[in-house]
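Shared between the two complexes below is chain A, which pairs with chain B and chain C, respectively.
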Partner chain A sequence: MPNLTIDGLAVGVPEGTTILAAAKQVGIHIPHYCYHTHLSIAGNCRMCLVEVEKFPKLQTACSTVVTEGMVVRTDTEKVRKAVTGVLEFLLIHHPIDCPICDQAGECGLQDYYMVYGLHRSRYALEDKVHKKKVQDIGGQIVLDAERCILCSRCVRFLDEVTGTRELNFFQRGDHSEISIFPGRPLDNNYTGNLADICPVGALTSKDFRFKCRVWLLKGVESICTGCARGCNIAAHFKGDILYRYKPRVNDAVNRAWMCDFGRLEYKKANDARLLAPFVREGGREKSASWGAIVPQVALELSRAVEREGADAVAVIASPQSSNEELYLVRRIAADRLGTKNLAFTHRTPGDGFSDDLLVLADKNPNSRGAKLLGIPDGEAFDALIGKIAAGRIRALLLFGNVLGAFTEGETAGLLSKVPFIAQVGTNTGPVSKAAHAVLPSASFAERGGTFTNHAGRVQRFHAGFPPRGKAKNVIELLCDLANGLGADWTFTGERSVFRALSETETPFRGMTYESVGAFGQEAAR
Partner chain B sequence: MAIGIKKVARPRKMSFPEALYLVEIVKGLGVTMRHILGNIVRQEGIKTIEYPEVRRVMPPRFRGRHRLMKRQNGAPRCVACFCCPTACPAKCITIVAGESPDPAVEKYPVRFDIDMLRCVFCGLCVEACPVDAIRMDTGWFTPPDDTREKLIFTIETLLEK
Partner chain C sequence: METVLTTHLADDRYRRIDGYRGSGGYEALRKAVSMPRESIVEEVRKANLRGRGGAGFPAGVKWGFLPKDFSRPRVLVVNADEGEPGTFKDRLILTRGPHLLVEGIAITCYALAIHSAYIYIRGEYVLEARILEEAVAEAYAAGFLGKDLLGSGFDLDVTVHRGAGAYICGEETSTINSLEGKRGWPRLKPPFPASVGAFGLPTLVNNVETLADVPWIVANGGERFAALGCEKNGGTRLVGVSGPVERPGVYELPANVNLRDVIYDIAGGLRGGKPLKAVIPGGSSTPVLRAEEIDVTFDIESMAKIGTMAGTSGVIVIPEGTCMVRALSVLMNFYAHESCGQCSPCREGTGWLRKITGRIEAGEGRPGDVELILDLCDNMMGRTICALADAAAMPAQSFIWKFREEFDRHIAERKCPFGNSF
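This part shows the complex of A and B:
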């Protein structure tokens, strides 16, 4: 374990660590463009030059491995002059179109210019080499060759992570640029990451293009709901509108990446939302207040239990719900309604697609959590659907926006056999068109909780903003419903539910939000 | 500082002739008459102007109603960079950016609304603009209108002047 000093600070790091990584450990930021924690070392941007004692020349901190007794200086005049020079070269042909560049605000060139540059260009504007702007190179990416600083992060990403190698360098000298091969656009499920890893505005997202300025966005730590992988993300929003996802680094789950499908999942929290509770009477929608609709649902459910027995009432849970919500759903079904008709399904319309990097076939974030909480999948769900089809279910409490993988027509046919359906869901869809009481719930960005991913890792997601419209947090809603059915629950917020859950549920025993932390914790098997 | 009591002298009690205000009324009428007669004799000295038929010439740096500048081909000069709504302390500018039909321009404002009822005419939007697309040099006050909606100026209104 070599010991070295960086700017006078002593640090001990494992064998094979680079100066840049060692400096990060003691809180010294060494500027860099081409270095990326999850890609190979290229050492071609030359921004990370540092002075190392006994070396005649400046060294690149990203590629120099530390040795015992090394003395590194990052703050000398020599280093500063070199870095300023490198930056001036990188900016020499830059088009300076920050006003129309989506990267502005999170751009490496802007950031380092304010620290190391602040120079006037010595290069005449008309002498700048112009390259092709606004090129649609496929996937989710727009390429602006002029803004590129040739750091090769994108080339290495496509080489090392996806293995598809669509981008490469072309031409020489001033005219060097990255590009796709003629007629061979980006073709993989991870193109969105190129916009994230590009330190400048050369590769930007087609979906986010011109939607919002990044400095107006706020971010909240969340979990992608697109599949059972549970990629760690930051959900960026302004007001109550989500604009984009960015992956967060979690080496146990998604490393630094996320897939293109997951990246567009945010739209579900924006569009076609259920925003106010309503009841359907004689085929017509009638808006209802929360104060009236919850007691009505409780009354209908308990009346069905009284008249036809507990077997005539069913609860279909959703693997889109958090662990906390599923725990309460199970308790309502078992304790309040006394019914054994409780099931969920991981199946969704158009599911089944997977690849060998991140995308999983199960398109729900919490199927594993539902199973661990003792809610049955598969045969139990099919049996429940059989009962519904046979007309034996008189009242149904349904969570989620879709009924398994059934088409809209099939869903309508099945649900028409049930005299009373209460839906708790976020979006309009086949279920909200058939339900007799629709209780709109908060989306994943509007509530907090935990999901259990396919490998049993319990991960937290946080609320970014209050529920839109009149939508309600599911925990609050379930407490009201359970209390309407004679319980005396006093849960306030997801933390109190998780505490109760971790006391009784074996897989989650002993867990707290603190132990789950930012990177998750494996549930007991 | 310690809190104490300070005695303040009360106004002197007026005598009876003073309380009648007779002398003061006559004095006041004298001032009024002097101005009436003076203005009849020398009309160019009158300070009031007959707005809106006559308008005061504004100093060159007066910040009046906004206008958006045009390019030579008539398209808005604005590139929808969001610097003005970011700088705006009243949050009165709403921009929706879009892909310009002109590939050389790339980004342009599909919507550019200024809520004139919110605007505080501070001029920070003009300062912030990197392409000199917004100016407040019209020398005009915002004309009054009868609904709030009409006072949310759209891009068409702002490009007119």
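This part shows the complex of A and C:
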């Protein structure tokens, strides 16, 4: 365990630690562009130069491994001049189009210029080398070669992470340029990460292009709902509109990445929303108040149980729901309705693609959680569908806007066999077109809770803003419904539900939101 | 004077294997395979052989960097990229005595238990590559290369690999990348080639001339080789003299020859008795000397003492009447064109230097441009992955330090006082 001093601060670090990482431990930020925690070391931007005693030349902190007794200085005149010099080199050809650049506000050039630059340009305007701007290079990405500082992060990402190698350097010297090969655009499911890792505005997101200045956005820690991986993300929003997802680093789950499919899942919180409760009477939609619709659903469900027995009532849960919500759903089915007709399916419409990196075929964030909470899938779901098809289900409480992998036509056909359907859902879909009572629920950006990913990792997501329109938090809604069915639940939000389920549900026993923390905790097996 | 390399080069037959063997060629290899490996390395160490690729690193020491355990195969990369402007000495070996190199490779590989050698030859050396390939084929046919060479039980494969014409591919880690089929970018060190080199294997990189000296060392002993030179520079060096001298060319000279004598005796002085203005002593990257500074011995240490380098011993002679701004701007064009582009200071610095020197020469220089050049050099030197940034900055600095008045005149008079001539 070598010990060293950095700017006079003593620190001990594990063997093999670089100066840059050691400095971070004592709260010293060493500027860098090409270094990225999750890529190989390139050492080519030369921003991280530091003085190391006994070395005549400045050393790159990103690549120099600490040795015992090393004395490092990051704050000398020599270092400052070097870093300022590198920054000046990086800026000489820059088009300075920050006012129309999406990266503005989170740009490495802007940030370091404020600290190390603040110089007047010594470079003649007419000497600037011009390169190709606004290139659609495929995937989710637009390339502006003039803004590129040639840090090679993108090249390394496509080499080391996806292995697809679409981007490379072309030309030499100050005509060096990042580009794809002619006619061979980005072709992988992780292109959005390029915009994240590009420290400047050279690679930006087509989807986010010109949508919002980043300093107007607020962020909240969340979990991608796109598949069972449960990539850790930050959801960025303004008002009640989600603008983008960015991956959060979690080495146990997604490292620093997320997939392109998941990255666009945010749109579900914005588009095709169910925003006010309504009932369907004689085939016509009629708006309803929350005060009326919940008692009505409770009445229909209990009436069906009374008249036709508990086996005529069914609950189809959703693997898009949180652990907390699923726990309450199970309790409503078992304790309030007394029915065994409770199931879910992780099959969703679409092609169920997967790869070796992150994406899993199960396109739901919480199938594992549903199973751990005792909600069955597979045969149980198929049996339940069988009962629906046979017309034996007289009242159905259904979560989500799809019915498994059934097509829209198949779904309509099946649901036409059920006299009363209550849907709790966020988006319009085949189910809301058939349901007799539609109870709009808050999106994943508007509510909090936990998901259990495919590997049994319980991970927390947070609400960014209150439910849109008249949509309602699912826990609140379920409490109202349960109480309408004779319960006396007093849960006040996801934390109180989690506390309850962690007392009774073996896989979650002893867990708290604190123990789950920001990076999750494995459920017991 | 005793010569090591050029003794038979005037003989046309020497470049074919029969002629080479007729002059005692491959006898050193025969001797080597009967010697214990360690004693061959010891002879090279005693020889004080300094690398001839430009940096002058002691060859024996470098050989010692290869790992002591033989668990991984090792590789020899022969640097025949010879890209440094003013340098054309390896070419003489490649065209007139290719078997000197082939024999040197065979002995070196035998001594270090290396079974694969790659000769990386610059793309522009088309004829040279053909001659070299012929020599390699001859050596295979005669049993000096290939399986069980000379019945020693030792196998060696030698491959000639042609570059595509990039100066940077002469930087040894760039050579390795290029050899592997990758973009010719220098690698970040450590790891050094001796531990992770070509194809991830421990690799020795040596210059053509360095290896061509090895047969003589084995034949005559390291001490005798050392005695040909001076204290820390064993043997002789091939010195290339270019510029308007009476007899430009490559000469084999003792390491401690006087630089003045190289120009005035050996190369016959300047053509037409023109006065000398400046000398770039060791290839275009080495700091320039003024005419009055050249009375100095041409060994590595003496040159370092006066602030320049023996480098590749490519002596570029610059006569009076040459515009030093123009000369520098030509050099800056070269480095800007050849920078591989990965390090910010080199990529942008070389291009910037090219533009500033170009505009000064064109009479469009601005007050402060000279200081700007010096400051940029300061921001480039020692700040990059390989030495190309230094190679560009050193001439820029030294041209200004030594010929400042010419730069100032260009800017003040807004034109080239030499009428743009060399």
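Some observations on this one:
In the analysis below, the second predicted complex is superposed on the first by the 524 of 525 C-alpha atoms of A that agree within 3 Å, B and C clash if a C-alpha of one lies under 4 Å from a C-alpha of the other, contacts with A are read in each partner's own complex, and residues count from 1 in each chain.
Everything that follows uses one rule, which is that a residue touches a chain if its C-beta (ideal position, glycine included) is under 8 Å from a C-beta of that chain, and two chains touch if they have at least 3 such contacts.
Treat the numbers as computed from the prediction; the structure is a model and nothing was measured.
When both complexes are overlaid on chain A, chain B and chain C end up sitting side by side without clashing.
Of the two partner chains, chain B is the only one touched by A:L216; chain C is not. Shared-chain residue A:E88: touches chain C; no touch with chain B. In the superposition on chain A, contact of A:S176 is made with chain C only, not with chain B. Angle at the C-alpha centre of chain A formed with the centres of chain B and chain C, after superposition on chain A: 100°, rounded to the nearest 10. When the two complexes are overlaid on their common chain A, residue A:Y123 makes contact with chain C while staying clear of chain B. Within the superposed three-chain model, A:L264 lies out of touch with both chain B and chain C [touch as defined at top].
Of the two partner chains, neither chain B nor chain C is touched by A:A334. When the two complexes are overlaid, the chain among chain B and chain C that reaches more residues of chain A is C. Contacts of A:A380 after superposition: neither chain B nor chain C is touched. Touch criterion met: A:C45 reaches chain C, while chain B stays clear of it.
Minimum Cα separation between chain B and chain C in the superposed model: 25 Å. On chain A, the positions that touch chain C within their shared complex are 41-47, 49, 56-58, 60, 63, 81-82, 85-86, 88-90, 92-93, 122-124, 127, 129, 149-150, 152, 168-169, 171-176. Note for the complex: chain B touches chain A at residues 79-83, 86, 97-99, 103, 106-107, 130-131.
Taken in their complex, chain A has these residues touching chain B: 97-100, 104, 133-134, 209-211, 213, 215-216. Partner chain A is touched in their complex by these residues of chain C: 166, 168, 183, 188, 336-345, 347-352, 355, 372, 376, 378-379, 382-385.
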